[in-house]
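The first chain written gets the first letter, and so on, giving A, B, C, D and E; residue counts start at 1 in each chain.
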C-alpha cells in the first residue's frame, strides 16, 4: 500500500474501541493530478452512529466522501487507509468497490434533481439498483421494494411517484427518492453530501427528520456532510470539522457546543448562532479560506486565527486527544477557553 | 458541406481545473503558424511566388513536379505553386468577405431581434428560421446560381446563408444577457439602454459569435471550394484554391495528381482554422459567460 | 385543537392528507412540464400548423430569389434569338407577364394543394420530376445517416469513455481531421482508391432501388461513403462531447454510487441522456447531407434533386426551382418535426414547451 | 422612505398567469432595514425587482421619498434608476465579467458615456478602499476576486450610485459562512454612513436577525406577517412563521430536545394557489374558514402601538397553543 | 472494322446505352438549338430532304424528288404517300405545309424570300419565293425540313419541345432534363429517309464530367459516347475494346463581338484582336491537342465550302495588332468587357485568349455566365463587348452566313450592318450554278474576314467513342459532332 507523504504520522489514540467501527478513515491523503487536496483526514463511524463532517467550502468534505466510495476522478492518488467493515477500500479492486456500493455503502448528493436521471422514471432507477446487485429478483418484486421504500421515506402515493420523472417532482421529493434509492439494498453506511443545502428550510427539516428516523430505526450509520453547523448539530452525535484538507477537530456534539477545543469550529459556531441579543456582534472569521493546494505553513488555520502564536506557524500540529474525549489539532487546545453557544 | 461542431469541452458545467487551463491547446501553435505562413505568403505573393500566376506556357501543360515548377504546371502550363500562393489572396479575401457579411448582417440582425424581442424580434427570427430551414449548401447554390458566379457574389452568398445562424446566436446571447444582473445593475445606475448594449451586452454576446465565426471561416473555405467545383465560384483565370481544385479535377484524366495540392491545401487550412476555433472556444468558455447549448453549435452546410 | 398534536411530527412518515377542507394538491405532477392535455398528438399538430407559415415564408423567399435570377426562362428558351417580341410571347405563354403578387399567390395556392405547376422546360408537372429525383437523394441521405450512426455512435461513446486517455484524444483529433476535408475532395480520393485503383466499387451507374435492389446498393456505396466519413467526424465529436458531459453528470455519479455496472451507466444512463443531442446532431447532419448530395450527385452522375436543381437553375425553370427548393424546405421541416417528436419522447421534460 | 401599496406582479401570459407578488403593502423608514424571509418561490426576489423597477408591475404603486422626504410615485424604470440600487445574491453575475471592477463601480458616476472615463477611477478606488479592497484589486476582473471581495465590489457600486434605497437580494447566501459576517457588517456600516434604507431579502434567519429592524414573512406571493425583528422572530404569530423558524436548524437549539413543528407536504403550485388563506393546505391549524376567507394583516387589537401584524384568522388562539419560540432570550 | 470484332450478330431487341457529353434542352426542331439536340431530332423526325449526317450529301427523305423552277421562284417537292406521324396524324403535303408554317411562325428560322408553302395535292408541296433562293434545298435538308406533327405541336404548345412527335424511326419516351433521355423504336415507322431503328431503345445518359464519361465507357455503363470532353479522348485512346473518333467538325469556337458600341465599333480593333490571337495554340491548349486548326472561315479544311487559299488570314502578329489599335485611337491599349458561357470550353478559351490579348495591350476580364444570363446581358443589355461562345455552322451555308453577315441576324448584337454583308448574302441567294455559288461563298468569306462580325477561333473538335458491342459506330459519327442514332446497332451478348 502506497503512503503519500510522511506527515501526520503522529501516533493517535482512538477514543473508542477501533474494532467496533464500521468505517474508519485513517490518515487519508489525496492528490489529484499531483495537487494535494486532502492531507491527514482521520475519523471513524460506529454502526448506527450519525457523524457530521463540517467545514468551509473547499475544505475537502466531498472529496473525503468520494474517497470512501471510490468515486474519485481520474488522476487521483490516495494514501492512508479507509477501512470499511474490515475491508480496506483504498486497496480494494474496482469490482470489489462496485459490489460494495449500493449494498453496503451508499452516497447521496447535494443537488437532488440533478442527481437523478431526467429521462428515466425514478422507479426504474430504483429498480436498476436492485437488479444490479440482486439480478435474480424479478422486476415486479424490485418495484415492490421500491414502492415500500418510497412509502418509508414519506412520499405520498409512492406508486405514482415510481412512474414519475424528476421534472414532475419537487426538490424535496427528489431528495427522498434518492434516499430511497440509496437504501433499497439495505446498506450499512450512508454518506449524505449536503443533502439539504438546496432545499427550503421547511423541506430541509423534513429530510433531517427522515434521516434521523432511518438512523434510529434501521441502525444505519450516516456520515452527514454539511457546512451548516445547525443541521449537523441537530442530527449528529459527533461532529468532525475539516479545514483545508485536514481534520482539525472531532468531538461529541454536546461537547463541541459547550466548549469547542479548536478556534476554527468555535468561530464557525458563533457565525452560525442566531441570538437576537448578540446579533450585532459581527462574529465572522477574518481573512480568506485557505487553498489546500497551497496550504499555509504550520497550522493551516493560523493566518485567520485570533489566538495564534509563533508555535502555530512552526509545524503542523498533530491531532491530539482532548480533555473532552475528542481529538483536536491545536497546539493551544488545553489552554484556550473557547466559548460555545449552549453556555 | 461539412458540419462544424461545438467543442465538447466548452459545454461542460464545471470550471476548468487550474492545471488544465494552463495547458496550451494542442496543435494550436502549429495551426497558427501554418495559417500565418500561408496568409503571409498570400500577402507577399508578388515577391514570394516564383511565377506570374496567369502566365501561360502552352508548351509545358500539365507538367509534373520539377525544380523549375515545384508543384508542377496546370492545364495551361501555369505554375501551380504560384497559383496557390496567389490563390491564397482570393481564398482568404473571399472568406473575409463571407465572414464579414455574416458578421455585419448576422450581428445586426440578432442584436435588433434581441433588443426588440417582441414584434420585430419575432419577425426577424421567423425569417432566420426560414432561412435556416434551407440546407445551407442548397441556399448557397441557389443564391450564387441566381446572382451569377464570381468571387464576390459567391462569397456574399455564403455570408448571407450563414448570417441567420449568427443572428440566432447573437440574439440568444443578447436576450440572455439582457436579463443578467450586471445589465440590470447598469440600468439601475441610470445607464441608457443603447449604452448598456454596447458596453455590457455586445462584448459578451459576441464572444460565442467569434467562436462561431471561426468555425464559419473554415466552413466558408469549404463552401468556396464546393461552389467553385460546381462552377459557381471565382471566375477563371483568377487563381483561387477552390477553382484551382475544380480545374485540377477537370484534368483528372490526364494529370490525376493535380488535385492533390489544392485539395490538401484546402483541407489543411480548414483544419487549422477549426483548431483555432477549438482553442478559442475553450478559452472563451472558461470565462464567466456561457450561453446554453443551442442548435447553432452544429452548423451543417 | 386536535389537529395540533398530530401535526407536530417528530419523525413519522408525513401524511399527505391536507388538513382543513380543500382541494388536495396532487403530489405527483405538480407544477411545470407535464405534457399538456392531449399530449403528443397535440404537440405534433401544433408543430404541423407551424409548418404552414414557414413553408409560405420559404416559398416567398425562394420566389424572390428566383425572380432575381438574371436572364429568365425566356432567354433560356430563346438564346440568341431573344428579341423583345419573342421574349414577350414566351413570357406570356409562361404566365410571367402577370403581376408578381399574383404569380406568387397563384403558385402558392396550387403548391399548398400539392400542385407545383408545370416545368417551363419540359412541360411536365414539376411534381413528376421531383417524384423521380427525390428517392435518389433521399436514399443517399438515409443510407449516409444510417451508416454514420452505425459507425459514429459506438466510436463516439467509446471515445467519451476514454476521453482523457490517448485513444480518446486520438479519436477526437482524427475526427477533427475528418471535419476539415471537403466532402467532394474525399469523394475524389475514394474514387481514386476504390474505383480506379482497386476496381472494387463502381464509379457510375444507378439501377433503381425498386428494380435492382442489390445492384442499387452496390452502386451507391461509393457516393455514400464520403458522406458517412464526413458525417461520422461530426457525430463522433458531438456524441463524444455529449457523452463526456453525461458521464460526468451528477446522475451518473449517483448511479455509480449505487453500484450500477459501468455498462448500464454508459448506455442506459449516459447515452440515454445524450440521446436528444444525438438526435439533434443527426437531424442537422441529415439536412447538411442534403446539401452535400448536390456535389456528390454531380460527381457520381446521379439523377437526384441536386442534379435537377442545378439543371433547373441553368435553364431558369422557375417552377422546377421553386418546387425543388420547397421540397428541400419541406424535408427540413419534416426532419425537424420528427426530431422534435422524438426528442419529446426521449426527453420527457421538453414536451410541455 | 419607501412605501409599497398593494403591489401585484404577474408573470406569464394571459392564459396561465402567475401572481408572483400578490397584493403586498409595506413601508420602510429612512435608515431602517426591512428583512424579508420566506421559502423559495414565495416572491421575495420579484418584490425587490418590482420595487427597483426591473420587473413590470401589474398593479399597485411604489413611492420613494424625494430629497425633501416626501414620498413620490416613481413609476417607470427610468424614474427609479438612480433612486434604487440592488445587490444580488451572486456577485459574479452582478458584475460585468470583462471589465476591471473599478469601472463597474464607477459606472453610476458616468452613466451616459460609452466607456467609463478614467477620471472617475480615483473615486472608484476610494470607494473600493472603503469596502476593504486595495487599488491593485481595483484593476482586477471579477473572476480574479474571491466571492466575498466581489460582493464588496457590488456594495461599493451601490454606494457609488448614491441611491437612498438599496434592495439586497440574498447578498450573502452564496458566500461561505465564514465570510458572511464580514459582508453583513459592511452593509451595516454603509447603511449608517450613507443613511441608506435596505430591503433585505434572505431565507437565512441569522442574517436577518443581524441586520434587519423589521421583518416581513412571505408565503406564495403574500406577506403573512410583518413586524419588528425581535417580535417576529421571537414570538412568531403566524403558524407559517412559527414553522419556518422552528425548522431552521440551529446550533442554539441543538442541545434542547428535538420536537418541532414539521410542515407536511410541499409548497403548492404558485399558478394555482389555494383559495382563502394560502397557507391552509399545510397549516396544522386550518379551519373551514381559512378556505373561504383570505386573512388580512392585522395587529394585536388590545395593543394600539403594536407594529407586529399577522395575516391569520386564528393567530391569537394559536399563540396560546404550543408554539416554538426561536431563542432562549 | 471495329464494329465487327465482337462476337454475335446485331440484336434488334437490344438497347444501346449512350453517353452524351452535352446537355440537350428541347426537341422541337423549330425551337432553339442551345445545347446539342440534333441527334435526337434526326431520330425522332423524318426530314423532307435527308442530308446525310456524315457526308452532307442530300438524299430523299419524305420527299422523293425536288425541283427548282427555272426562274428560281418556286420549289416543288414530291412526297411519299402513306406516311403518318407518330401520333397517327397523316403526313401528306397539307400537314407538311402546316408543320412548316408553324415552324416559321415560331420565328427561330427564316427562309429568305419565302412567300408561301402550298399543297396542290397530297403528294406535292410547293414553295413559292419572291426572289431566287439557292439555299432553300440545303435549308430543307437541315432542321427546317424535320417535320413535326402539326396537331401535336398545336396541342402541346410550349411543352412540345419535351414531347416531340415526328415521323422518324424513334420516339422520345423519357426526358429527364440534364440527366437522361430514352428513345424507343417506333414500330409504325415507314421509310422516309433515315433507315429504320436498329435497336429497340437508345438510353442516353447526360454526363459532362470527362472522368465520368471515361468511366461510363470503360466500366460498361455505356456503349457509345459522343460530344465527349476532349480530355476524355486521351484517356480513351488506348483502351482495348474502345474505338475513338475525334475530328474537327463544322462548328467553330469564336468570340462574338458587339459592334454597336464601344471600341469594337471600329473594325481595326476587331482586327487587332484577331491578330493578337494564336489560334493554333489556343485550339491545342483548350482541346488537349485535339484541334490545331484555327481558321477564319466557317467550314473546316476538307469541306466543300472551305477555301484553302483564304486560310492564311490573321496569323498571330502582335506588332500589327498594336499598330491597328494605335490607328484606331488606342495607342495605349484598350480594355474590353468580356463574358463567357459557363461551359468549361468557353471559359478555357476565355482564359487563353485573355492572356494572349493582354500581350497586345488588350485587356479583357471575362465573367462566366449561364446561357440565359449571358445572352440577355450581351445581346439585349449590351453589357459586354465580347462574348466567348461557339456556333454550329451546320450543313447549310445559308444559315451560317446569314447569321454571320445579315443585319437582322440574331447573332448581330445591336443589328449593325456588316459592310458588304447583306450584298454578299444576296449574291449567295441568287447563285444558281455551282460556279456562282463558289464565287458567292468566297466573297462572303472574305467579307467575314475583312469585317470580323465575329472573331472565329478554331474548329471545334468532336470526340466520340464506342465499345465493341456497338455496330455502326463510325457511321453514326456526324460531321457536326452529333450522333446519327439511326445508324447505331448493338451486338447481342452471345
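In this section, contacts are C-beta pairs under 8 Å (C-beta built on N, C-alpha and C of every residue); 3 or more make two chains touch, one makes a residue touch a chain.
Every value quoted in this text rests on a predicted model; they were computed, and no experiment measured them.
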item	value
Shortest chain-hopping distance from chain D out to chain E	2
Touch-network distance, chain B to chain C, counted in steps	1
Two chains sharing the most C-beta contacts	B-C
Most widely separated chain from chain D, with each centre as the mean of CA atoms	E
Chain A and chain C, separation of their C-alpha mean positions in angstrom	48
Chain A-chain E separation of Cα centroids, rounded to whole Å	92
Cα-centroid distance, chain B relative to chain E, in whole angstrom	45
Multi-partner residues of chain C (each touching 2 or more other chains)	9-10, 14-16, 27, 30-31, 69-70, 298, 310, 313-314
Where chain A touches two or more other chains, by residue	156, 170, 173, 206, 209, 212
Chain E: positions in contact with at least two other chains	211, 369-370, 373
In the complex with chain C, residue positions of chain A that touch it	69, 71, 74-75, 98-103, 106-109, 111, 114-120, 125, 128-129, 132-133, 151-157, 160-161, 164-170, 173, 178, 181-182, 185, 206, 209-210, 212-213, 216
Contacting residues of chain C [partner chain E, same complex]	69-73, 75-84, 86, 90, 93-94, 118-124, 129, 132-133, 191, 195, 202-205, 298-301, 303, 307-308, 310-317
Residue numbers on chain C that touch chain A, as the complex places them	9-16, 27-34, 164, 249-251, 253-261, 264, 268-269, 272-273, 275, 346-349
Chain B residues touching chain D - in the complex, by the definition given at the top	180-182, 184-192, 195, 198-200, 203-204, 287-289
Touch list for chain B against partner chain C, complex	1-9, 11-14, 26-27, 126-127, 129-131, 133-138, 140-143, 145-148, 218, 222, 225-226, 229-230, 245, 249, 252, 256, 259, 263, 266-268, 270-271, 274-275, 278, 293, 295, 298-301
